[in-house]
Every structure is written in structure tokens, then in C-alpha cells.
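Take this structure first; my questions come after.
Per-chain residue numbering starts at 1, and chain names A, B, C and D are given in the order in which the chains are listed.
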């Protein structure tokens, strides 16, 4: 990791760690949000010319890894993506928290100045000032206060995932060349958060195994437990590596293949990792599991968000099958392309 | 020559009629508006009325002696009752432990007065029981128990210590406590433990509920603070607590709950995907079906052997291990399959059941011995230890 | 197991064990075949009235378990099924080895007296005097010597799986009410053989782990190896139990559901079992693996024969989905039916 | 703070051209009529001519010093060569061990004369090498080696013992033998071992091929019967054999062979199922693709770290463990997927490849350390041992 990016990651990590240890809150952490603004994080992916920080997805991945590691309740991932897409579409960057809607039922009206329809499962919808959504051909910005109705809902980790209904609401819109980009970037952000949460669950499990005694010795000294945690570690490593490679690809250009592969690989890691983490913790009763669940409940939620296993396996499989014997040529060309630029 | 014994069972002739009777009862008596996700966790759902109505029909303590309020029905009839209750997701939490563990332990080790006093009440669905084995920082290593029982000069016992993991203790009447009655011996870590049978209104016994992973209060901490009990509260033989508990745990291993405790999720999946789902969903359902059918055959076979008075110790451990693996694998499998359109924040029976089980299933393997312990038993059965 | 069936199983077991230890041969064991005839095994499933032994599938399962355990090269499973189907169709039972063709391309001609077509992958086809095949509506008996062409082929375990071509060959035929019965019974027979071979692989692995020393002690004393072998044992137990239950169902009547479930469960067990068996044996070099492969090569072959995982999962899944909320009622009714008879 | 290090690699600018050069070479030089199942096992396929042609192009010993016949190319270029050879299934068996293990060991521990004498011949594809570590009844427990080397009064060594598992020994020229040079010490089981570098025409050395599981002769037993060798055959330091071997094994851990050695099966599967297979096949291919892509990224990242002179010891063990799991899982997965119509007795490339790998893949985990050992390394990396 470049020195500059390492500093960014470390700073974010400290910020989120402090937020977690000082106040264990459910819902939106407004004070922390203000601090991220001071660090320029919500607009990290927007160009400097537009008032952003001009960062890339390598930077974003490092920050979101820390976000996922500490399970901090703010819509940072969504705001980063919204800022990038808004800039791409030539829309003015809104300030307050901006969330992202990838499940949209509805359409623009009146030459793109009005929107009728529903935004479903919007992360932190109730706390967002604006929501960026993609409809065929267009990127749309909507104000939360223009919604006719807002239904509160949550994922497994109690993170808000709200439904908003708009009825002839004012909209600002710009051109969107790629209708799938919002979903892909959301999947990529979730990969980074998953990597961080997996790492946190691993740390908690290893630490627990080192201190917890059973049958006269620390459970981490039993070969069966060691081997399980080693496998757990390998899964975490795979998720982290896949995520970093997909972030690198997104920094360079079209990353649709790499994001599909990374999200699928992360999802596969979640199954083994969460089950091992809870098994290792199992003997303790629930006190410490409270802490573990900050990671695992998010992992279970994020496995579905941004595309579940079946969805990405289908996309990736169809893509590979269609190219048949070009598999190896395609696979290598993606990384070789880097060396051509 | 044969490694394992899984003879098929021929169910006795009365079973179809009995099963029909249970189903009619459930159709009538199951609570209305009973949330689907509770069905997937029904052995912890407390419903004292429901348990009492089961007791009235003679469906608690089905195979215990009539002398103590039992009904002397066959073990296979009891098996069928249990699988029907679980498959229906009936709220059996109130009497579950008493029927399955506490009363059998009393009948096996208890004094005549303990049997007469407690077992009939349990059978009537009036006294509910819980388990007092695990302690904070002890987990499945029961030998490290630190709760102490000290014999007083007048023969009574003074208990001090703390228990955890006791399902529904705050609504129970009886508890069997495992306590140390002589100092720990590093060479024989299992010596010096004894069991005590206590009523919950004993002075010095205090229950404090713990909110668990999914916000429910199934678990508790129980504190014993100079809790003084009569000599006759000792259950079985002083110093034999370890042996008695081990036997109890093995009773815990053989039932249909080994693979049925969260079957509601599979039923919900079938409902949600409808009669002709896509190929990959269909095949996944086929594989799960093969596993369920096999587990039921294995579990039935063990029940049949127990009914014949045999002790299929290793086979029971196998059923439990495979059942655990199955129950832990199902929720993530379903999550990976569920259509893109099915989001967890949706307010549907299916989604709530899935959400609950994703969170609770990783600790299923705790029930009655961890995975490592079970596989240790199997390995020993193979001659490896 | 009934005493009588136990005697049958033990006798078969001794016979096959002797055959294996006295002569390690590839291909057809003619002498052993003669001995099975003396015991009445090839006609075990035919009624006594037709010259058979009047046994049921519980008996057959016990014998075929022993056959699979010892990996004996004779077409006993196929002959048993052919005899049962011939009797059902009112055909005279042929003597010499009779094999079974489940992959048939062709049709009866001239009022059922002639057959044109191919029988593919016929087990021990080259050694069979006759082959029983099922075509729509009919059970057909063909003589090997009437084949125009016989192409030798083998499965992974070097068991003959030959292709035979018939050109207007003489045929004897009778009515077949159920066109899928031959495939189901073949699957059931393979289940029994798989159970036996799994058990043999388990025994060999446990014995090896008890004697083989590494890092100063028997590898069977390492917790990780013990846990692996325990899981292996559990898989073997599941396959054995599923097979015995399916045999019981076949003895009672329609067993199509149970056979599908049992074959699928056996197939799933093969994956873990063979991989663990070879891993436990891995350190030895190849001498002992020679012995292990007698079991594992058959297991890999039999996983495909009689229907692979995907095929049975599809059949079973379709059946279950179509019945929706009747799942539990159906599952219990199958075993309760026994208590009604 | 970070647990594992998998920084992405930026491949150097020359790579696309180099890759094109390799592919052109392979299109020209790969043997015709080369059976598909050999591609799935190509690192054991012996083709001396092919190896010599690679040597002529400077593609053996690519990053060794020019002093000893190497070519001083970058480690990443070597990585790309290896992955292209493996992906194409090129017959690299003759020079594989020499290029990957023997020459690096000589360059690291050997005397100047050993380097000068052997390394250039290996680089030219003229001397082929094999491994003499494992023994009958020793397996991956190298400390239990019983082959003995005894120093004679004149400084020479007399070797007695037996080795096994030595790939292609019967067609090799050089072997590094691990032998005991002082008596076994139960307290320090790894002490007293030394390595010897021998030529195959040494008197007293005898090779006997073993027919393996699939009927091929890749493995051998090698007997040493009063085999007397010069003092200078000692490789490295007397008594340091264990340390040297361990370093060798870790060299073995980081390459693309960790997930590519049997990739031909996946390519065959893609060919057989065509551009639009059924849903369940498509999704399975999607999952395998995600795994392959991830493994390649991990393996590339480790290669990049090695190229920068870092020592990603734990990361390399992780890649190898995941690679093993992947390679062992693929054949049964493909078998379970393959259409009903695809029977193993069919004479097709796909079926022969599947048949070979079903039989050989279970022992893949032996290559360079068993699963337990690798996971032990990872556990230690996590601070658990």
C-alpha cells in the first residue's frame, strides 16, 4: 500500500475505533459523520475540481475496510458512491448525507424534472438529505424531504434500510451511460466492508481462543481449534485479496468482472467465517458474543446486499460460458492491461 | 464386522392413528397468530397453557411409569409425538427440558420422595424445569465447574456459585444444579461433583435474564448466594455428578430435535419458491430432501434401538453430529439461494425465519456437547482413542 | 437384521472375502460366479415358483453390501435385477450370467421378436450370456452372441462396461409396466455396493491410522486426524442407513422416492469419504493405496452409475416442490404405511 | 493491525509482449496429439526435447545469475512463464523439479564447484532432477528419515537406505538426498540430518519404478546400498539438512502451480458444456471462476512480494492451502455436475481428464506439506502456537 494511502487508512481506522469505543450506538452517528466530512471522506471519490478529494477506489477500499472492521453506523460507502456518480453525471454534489438507491421502481417525468416511484431498502434513508438513484439512462438526485412516505426498515444488523415513495417529486438528473454501475459499486463497497468485518471477527475469535480456557488449557491450543481458525484465516485472506484486486481494477477502469468475482468470493467466505467465529465463541454464553455479533450480523446482511451468491454466480458463469476457450486469455488480459497503461 | 448399526424400524400398527390424533390436536390447539420464526425455534417458546393441555392428554412423560404420573406408552409413540410437535413448530418450551431431561434424571437417580414429589407435577405440565450445568467461563468443560456445595453440620448443604445458559430459568420451577462437593483433583477432574435438585423459590437463589443475540430472553444467569438446602435435595449419589450428567447428555442425543429443530425454514422455503422453481433451486431442495430423509431414518433407527433396550451410543452421536451440521448449513444455503428480490428487511415469515436462524444456528452445536466432543465419541467408536 | 438374513450376509461376506484374498484378479471371476449360483444368489430376487430364491431387497441389500465391501468382479447385482424383472414380465429366467442394460437406444421389431439398436455401457457385457433391457412398455431379453458388435469399455475401476449393437436380432419380450424400474433398481443396487465399499475404505483408513506412525506417534492419535475420520465414519453411517431404508422400502412396494434420496445421499458421502481416505493414506507412498483404490475407484465409478448427484437432486427436488406443503405428511406417510400393512 | 498482506501487483510493462512470445512458442512447439488428460498432470509429463527447447530460449533458470547459466530475468517474468506453461498443459515434467527446487537449493547452499558443475546443465535443459526426501513409512514426517550417511575415514560418505515418492527418478540425472549423519535425538528430532547431491550413475544407487494408482510410472523407489560418494557431494552444512529442506519446501509454496496444476479439467468442462449451459451448471462455473480469479490474485500478490525481496511466509501457506482445497474439490464437483449422458467409460478428452483427476487429486495435498502442516503455519501466523 502506498504511504499516503496507508496514512489515510490508519487515520480512518483510528477515527472509527474511537467512535466505537466511546459510544456504542445503534443508528446514525451524527458526530462521527461530521468528523468524516472534515477528513473529506464522503466526497473522497469525487474529483477535486468538483469539490471532492480526488481519491480512487484503492483509497476508498482502504477506508471502507476500516469502516467494516469497526461496524460504524454511517452511510459513508453510499455517500462516496453517490458523489462519484453525481460527478460523472455532471450533477452538483449535495452536501448532507447522501445515500444510494439501487432498487428503484419508477420513472422520471416532465423532461426529467419530476420523479414518480419507489426507492426500496435505501441505506440510512431516514438520515439522508438526498438520495442518488439510477433509472434507465439517467442519474437522479432526490431530496428525502420530498418523499411522500418513508417506511423504516432494517437489515439484520439494525442498519436502517428504508423504503421511500415519491409522488411527482422534484428531481435533478444527468446522463448515466451505464445503468449497472451503481449496483457494481455498491457491491464493491460491501466487499471492502465485508473484508473489514471478517478481519474483525477473526481477531475477536483468535483473541478469544488465546484467553479462553477449557479442559485445562486455552482452547487455541487444541489442534482442532487451530486448524479451524487457520481455515477461517485463509477465507478472510481470500476475501481481502479479492477485494483489493477489485478495487484496483475499479481504479483502472471497467471492473465489472472483478467486482462480480470479488463479491461472490466474499460471500462464500462469510459462510465459513461466521459459523467458525460463533463456534469458537460458543462456550462463553452471550456476553462476548455481543461484541462478535457487531461483525457477524453485518456480514450476514452484507452477503445479501449488493448481490447474493446465486445472483453473482449466474452473472459470472454466463459471462465465462459465453467466451468458452477464451477463459485464460481473458483472465490474464485483465491484469496485463495494467502493464500497458 | 459391521461398523455401525442402523437397522430400519417398523413402526408399530397404532402409529398412523396416533399421528392423526396429534395432528388434529395441533390443528385445534396451536396458538393463532403464532409467528413463523418462532416455529423455527419452538423448543424455546414458552407457553404454559399449551404445555398443560399436552399434560392433560398424557403427552408429557409418555413412557414413564404410571406410579409417578407417567403413561407407559411406547418409546416410539413418544418419538412420533416429538417429531410432530417439532415439525409443526408447536410451543413446547415450557415443558421441554422437564420431559426430556429432568424427570428422566429424577426417575433414574432420585429418591422415592423426589420422584413422588416432582415427577407427577412435571407430567401434568405444571412444573417446568431447567438445566444448571454450564458456568461463565466453563462452557462445555463441565469438569471445571466452580459452584460449590458444602455440607453443613446438620446435614444440609450450602451452595455458592453461578450458572449460565439455563434456558427459560426465569419461568421455571425446578433446576438440577451440578456443584463441586469435594476439592478439584487435577488427576481425576471429574471426581467430586454432585447434582442437586432445587426449587426456584429456595432462598439464596436468584435469576437474572440475559438478552441474547436476537434480543430474546431465553438465557439466564442464576446466582447461588449462601443458598441452603435440605440434605434430600442431593440427587443420586454424592460425588457421582459427572457420571449422572454424562448419562443425561446422552439422553439428549437421540431425538428428532437433532435435525427438526429449525425445519420451519425449509418449509418456508418450499412455500416461497412454489411448485416449479428454477433448476438450481430445485436441485438444492433435492439435496436437502435427501439429507432430511436420511437423518429421519437414522434418528428413527436409533429410537427403535432404544425402544428395544439397546444402547446405540456411537450411532446417537453420529445422528447428532450430522444433524448439527445439517442445521447449521441450512440457513446460509437458503440465504445464498434466495432470490435477489428477497431482501432481509422485508417483513415476511420467510425472511424473519431466515434472519433468526442465520443468527442462532452457529451455536446449535452447543446443544448437548460440542462438535469436537461428538466426533471424539465417534472416533472412539472406530477404535481410534 | 433377522437371523436368517444375517446368516446370508455372513456367508456372502466370507465367500467374497475368500475370493479376494485368494486371487486378486481383474475382470470376471468365473469360479466365484459358480459358487454364487450354488448359493442361489444370482436368482435371489426371483420368486421360488420361477426357480428363484424368493428373497427380497433386504436380503439383496445385505449381499450386495458384502459384494461392494470386497470389490468382487462379478455381475451379481445386474443378474439379481434382471431375474426380478424377467419374472415380473413373465419371461423364463435365463441361466448363465445375465446383465442389465439401462441405456438403450433402439426398438423392438416384428411383433416383439426382433431388436434393432444399441445397449450402452452394459456391465460385464462381454461375460453375459444374456442381457435384459427395458424399452417403452416392454422388458426384452437378448443373447450376447446375437450382437453384431461388442465394444469393450471400462469404468474407472476397470469393471467392464461394454457397448453392444444388435441388428435385427432375435428377442424375447414381455410387458413392463414401469419403464423406470430398471434404473431405480440399478441405483439401489449401487447404493448397497457403495455402502459396502465406503465401509471397506473406512476400515482400511482406520486401520492405517492406527498403525502408521508420524512425528513419533500413530497418526490416529492426532486430534485433527481423529476428527476427520469421525466425519468420514458419520458419512459412511448415513450412506448405510439410507441404503438399508431404501432396501426396506423396495421390499414393501414403490420405493422411487427412497431410492432417489438414498442414491443422492450415497453420492454425497463418496466425495468426503474418498478424499479423506486418500488423505489419511497419503503419506504412505502407493503400496497400501493399491488396496484402498479397490474401494475408491469403484466408489468414483458408482457415483455416476445409476444416476449422478445432479440427476437425482433434480428428480427429488421436482417431486418435493410439486407437493409443496405436503412435504412432512408425505415423508411420514411413507414409513407409517409400513405399520398399516 | 493488518492480518495478512496481499497488496495487488502491477505487472511490469514488458509482460504482455512476453506473454505473447510464450503463447507463440507454445502454439509452435507443443507436441501434436498430446492427450488432454496429460495436460491436467503436465508437471509430471516428461518430454526431454521440449525441456531442451525451453532451455535454448532461456526459459529455465530465468532469474538465476548469468554466472551459472541463468538469465537474470525478473521473478514476475518467471511467474508468467510458469502460469502460461501450466495453463497450456505443456509437458514440463523433465525440468520442473530442477528449475523449481534443485538448482535454487544448489545456488543457495552449494559449493562453488557444485554450482558450476550442475546449474548450467540444468538451465540448458540437459540435466533433470528429482527429490529424495520421503521414505517408506516416513511420509511428510521428514524428521523420521532413516537413510544413513556415514563418514568414512578418507572423508567420503557411505549412504544406505531407501527413498520413495521421487517423481520421474528413473529418467533423472541428479538427486538431492536427505540422510541422517548423526544418531536420532528424541529431544531434537530435526538435528543430525544432512543433504547430499548425487548423480544417478553413482554405484550403489538403484532405481525401481512403482506403478501408481492410474497405472503410470511417475514414482519410484530408490535404493542406496553401500553407495559411496565423495566428500564434496555434501550439500550445504552437515547437520543443517532439516533447515535447508524447510527452506526448499517454502520455495515450493508460492507458485501458480498451486491452483493451475489441473486447470485443464475446468477448460474441458467449459468446452463440453458450451456457451449456454443450464442454470445450475452456469452458476457452478461462476463460483469456480470466482475462486480461480481470487487464487490467481493471491498467488500473483505473493509473487510480487517475493520479487520485492519480502518473505510472505504465512501468505504463501494460505495460497497453497486454498489452492489444494480448490484442486481437490474440483473433480468431484465436476463429476456431480456432468450430464447424465456423460459416462466415464466414454472415450472423450473430458472424461479421461476427469477420470485421471478423480483418482489423483486426493493426494495433491501432499505436495510440499500436508494440509495439517500448512494450517499449523497459518495458525502460528495468527499467534495461536
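Here are a few things to note about the model shown:
Just so we're on the same page, a residue touches a chain if its C-beta (ideal position, glycine included) is under 8 Å from a C-beta of that chain, and two chains touch if they have at least 3 such contacts.
By chain, with names taken from UniProt: A, C = Acyl-CoA dehydrogenase; B, D = Alkylation response protein AidB-like acyl-CoA dehydrogenase.
Please read all numbers here as calculations on a predicted model, not as lab measurements.
For chain pairs A-D and A-B, the one joined by more C-beta pairs in contact is A-D. Centroids of chain A (Acyl-CoA dehydrogenase) and chain C (Acyl-CoA dehydrogenase) (each the mean of its C-alpha atoms) stand 51 Å apart.
The centroid of the Cα atoms in chain A (Acyl-CoA dehydrogenase) and the matching centroid in chain B are 39 Å apart.
Counting partner chains per residue, chain C (Acyl-CoA dehydrogenase) shows two or more touched chains at residues 222-224, 227, 309-310. Residues of chain D found to touch two or more other chains are 279-280, 283, 372. Contacts between chains leave no pair untouched here, as each chain touches all the others. Every residue of chain A (Acyl-CoA dehydrogenase) that touches chain B in the complex is listed here, in rising order: 103, 120-121, 153-156, 161, 212-216, 222, 224-225, 267, 270-271, 274-275, 277-279, 282-287, 289-290, 293, 296-297, 300-301, 303-305, 307-311. Listing the residues of chain D that touch chain A (Acyl-CoA dehydrogenase) in their complex gives 1-4, 6-16, 19, 83, 87, 263, 266-267, 270-271, 273-277, 279, 281-287, 289-298, 300-301, 315, 318, 321-322, 372, 374-379, 381-385. Contact residues on chain C (Acyl-CoA dehydrogenase) toward chain A (Acyl-CoA dehydrogenase) in their complex (touch as defined above): 222-224, 227. Of all the residues in chain D, the ones that touch chain B in their complex are 278-280, 283.
Chain B contributes residues 134, 136-141, 143-144, 164-165, 186, 189, 210-213, 219, 280, 328, 332, 335-340, 343-347, 355, 358-359, 361-363, 365-366, 370-372 to its touches with chain A (Acyl-CoA dehydrogenase) in the complex.
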